[in-house]
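Inspection log for the structure reproduced underneath, given as structure tokens.
Should a chain be cited, it is by its letter among A, B, C and D, assigned in written order, with residues numbered from 1 in that chain.
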């Protein structure tokens, strides 16, 4: 128990000062500050392997660069097929757009104009053509990969522009994406299979690598954006560790309906996924707001 | 626009009368009633192929029987590896438990006592032993499967008790679970791989079946519990249909942070996943409350 | 800790059977069942005084009749000025409406057509004319009331049709509404004050009655729909009891941002507003769904 | 529609640069940036009268100083009795506290130790003694006030330390708090009434002032923290304006259950509370995170 200290906003305040000022505040602000402290410790702890799980449409909405920068502190990256598809689409030269006037959003009109909507973000339906060309040109390289991680690194190696896939390949950061079939990338592979080609990418093989990683790490830390399969897949691997030593979760999902995305980190203590002595915090906030604040406070 | 009619609760009221009475009410109740009407139409429409997507811990919490009964009206089932693992655990004779006094829940104590927590539901950590025996005994059969659907049907064929996997096998309802590696079932397969055995279950192969199914259906309908990968995988397939004609989504996730689980169904119109003339409704409610009410109203 | 029992939905099932079946289920369904048990005990306990607090637009949306029926079991009623205004509007012969097609809701168009929107419920802007006539005709009776409760009973006495205000007057159920100025009823009183008339209704006087009531009750129980001022005003009075013995709260607000509406009931134990031995449950659900189910299960 | 621009977090970034960088991002971050732009315009527009409504426990949690600083740009302040009570408690020299370890929070233990809990913030139960002394000493001055605003200014005049009440009195910023009876301040007044003293503070009188203010303003702007009665009371007054020209709402409540706290600002267009040409944004975020960011970006 500590005394509440009222936050004072100063003119020309820096992000790190703002977050430091939030340390004495209750509710969400105090949790942002706590997350900053934990992130700082976790990223500086030489014994700690950092697992970074990203669900939600973080790439199309404009958080790609933040993810790229957080990857500099990350040992294992787990995300959705959707984020990787949107990353690849941008690497191929396409863009995402933002709806400026949200008073009325008409999905029928958007369909007619050829735009796909993700809340207030749009993508041209036509992007799939470039994607298809890329997969047609490189299918033989992809089909030789034996597991999903190698497949994703191969995309990173061959894609023309920068981005998450490219960086993970370049820096040899393992990317795990067990649900890759559920994405535009999956669709591109299906397109070739539908044309009669074959792939041989085993579903279970890269579990070995993530679990070995968890098993052998002296210490582990987790940073979850939005739950989903990325969180769950990391949590599963952590059952083979001594439990994570550091934990930050940023989500807007509720716990009461029992889903993993809204489950507080402390639930993981019962499973052995989180150490009972861990430094951890649940931040209930839109990740596009919380992550820049937290990460901005430690640079 | 219709006049609001005040709901009157009668003594000994039936579920279908209650839901009918909700038809004249605004907010959530009216959406329950609307979902009942849509479910009734969708299940009775002989031209309509029904896709049922289930995320969230619906099996451990006590909704297995409801899912089993909804499967009688379902053509394609997509769920998480977790639900299938919990289903198999019960087929092998194990149980789930419910915390009666929630005033204080101590995860450290639960860990010491050997219980894994999912909100207010518990599972004995020891269940994994039976699971391991089952996978050791049947690994050879499993490793021969070429895709996830066949693998899951094989589990259904070989598991001793009833349940979802068994029913899907018996009734030949295709189950898709692209994220199967992210589950206790995945762990069991990993265990064998770690012992040196090999599997050969391709990641992309069963996309062909679900997309063919969508492509060739005269009409399609969707019933989503909780979003996640099951919703997204069905939505992806529906891009190859004329857009779903019927839609019911039950979720407690918010749309503003941009995740698929909280996205309203109408977003799908822009993508071509939902027909612009569809009958659809978003029910923002805990699925353990909403699904029994809706399904109970149409029997 | 109890074994989870899977809910089975039967053909022609009654509401009370459905809710009884939810007793063995985790997450929200189990809480509905628990709320039914607590409501049953609380309503039957002859020593227990029941405080019923209703926030949210429960009258315009179509829950007026359910509230009227719950009032038969209620000793003290606390609500918002908005609910009482909408109740009076219906007593004066006006209606509320429900938007049938929610795909696009255009508030500019609604304003042009003269409809005021409350989520998917509408009210004609013109209703204020009847309201004004009623207050002009009866202002002298109203201005003589010395406290808010007497003022509200006087409206109930004089209004032509049935409804909540009428029933509370007829059955002498005290209605407390500390925020009455914040409502259409308040506006009507302001209208007369703006014309030069005077009122003399003291802000603090009826605190005495609700606190005396709490102080002298052998046992107390609370039923909260949606938090807000009604919950808080009852909680405040309960500090002068031994703490409520029974508690049911139905809300969709989150606890993390620290507001009273999302605060779980157990927080009240620290304040002495809830007995540490109380039977209580927090139901996180739209009240238009949860209240009919719970109340329907005990009739 | 604009191109999404990926946010880049720089070392030693300022808050205003961070928020400017969020301008190109979708989801919540973009709304923070939009809110910053609107706040800047609204505060600089010499013709615009600013209404500031604050619900939720913003004072106890550590946001008092931010509110004090925003009051420099505010013409009308509306808040809950709870916030004003906690402000007065601090003016009288008492403190609030923050729970540091939230893994287990035991309300029974807190009750035994004499602490009242508001999510993760605590207050000593003993603070009421100082409060009582203050009201006993000054009751005669308070009981002469004819409306709530004058009563609150009188508290501000007489209370020893600084704070919100003091500042509003000093700067003659009208404070409206229609629900004042629902608060510790209300309890203190009740205590004197219970001892036989009388007050004469009319419920409806200060509606005249807020509505006159709205009626005569050339332009109006609103800043809502958390909905509730403060938002609703301002919205009600705005029906007598041409509709607000600027609007910022920060809330975590959902719209689907129909409460005012979760209703998006655009609903107000149908009622005439918001101009159809208004600059407005709904920020779905914990206010302790969002408000410092937004306000910090414009200083």
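For the reader, a short list of remarks on this structure follows.
Criterion: a residue touches a chain if its C-beta (ideal position, glycine included) is under 8 Å from a C-beta of that chain, and two chains touch if they have at least 3 such contacts.
All of these numbers come straight from a predicted model, not from anything done at the bench.
With chains reduced to the mean position of their C-alpha atoms, the one farthest from subunit D is B. Once the centre of each chain is set as its mean CA position, subunit C and subunit D turn out to be 24 Å apart. Work out the mean CA point of subunit B and of subunit D, and you get 42 Å between them.
Note on chain placement: the centre of subunit A and the centre of subunit D lie 35 Å apart, centres being C-alpha means.
Contact of a single residue of subunit B with at least two other chains is seen at positions 26-28, 57, 61, 103, 107-108, 118-121, 252, 254, 256-258, 266, 284, 286, 288. Because contacts link each chain to all the remaining chains, their graph is best described as complete. Those residues of subunit D that touch subunit C in the shared complex are 55-57, 60-61, 82, 107-108, 110-111, 115-121, 125, 148, 178-183, 186-187, 189-190, 193-194, 199-208, 211, 226, 228-229, 232-233, 236, 252-263, 266-272, 276, 286-288. Interface residues of subunit A, counted against subunit D in their complex, comprise 1-16, 18, 21-22, 24-30, 32, 57, 60-66, 69, 95-100, 103, 118-122, 252, 266, 284-286, 288-290, 292-293, 295-296, 299. Interface of subunit A with subunit C (complex): residues 26-28, 103-104, 106-108, 254, 256-258, 284.
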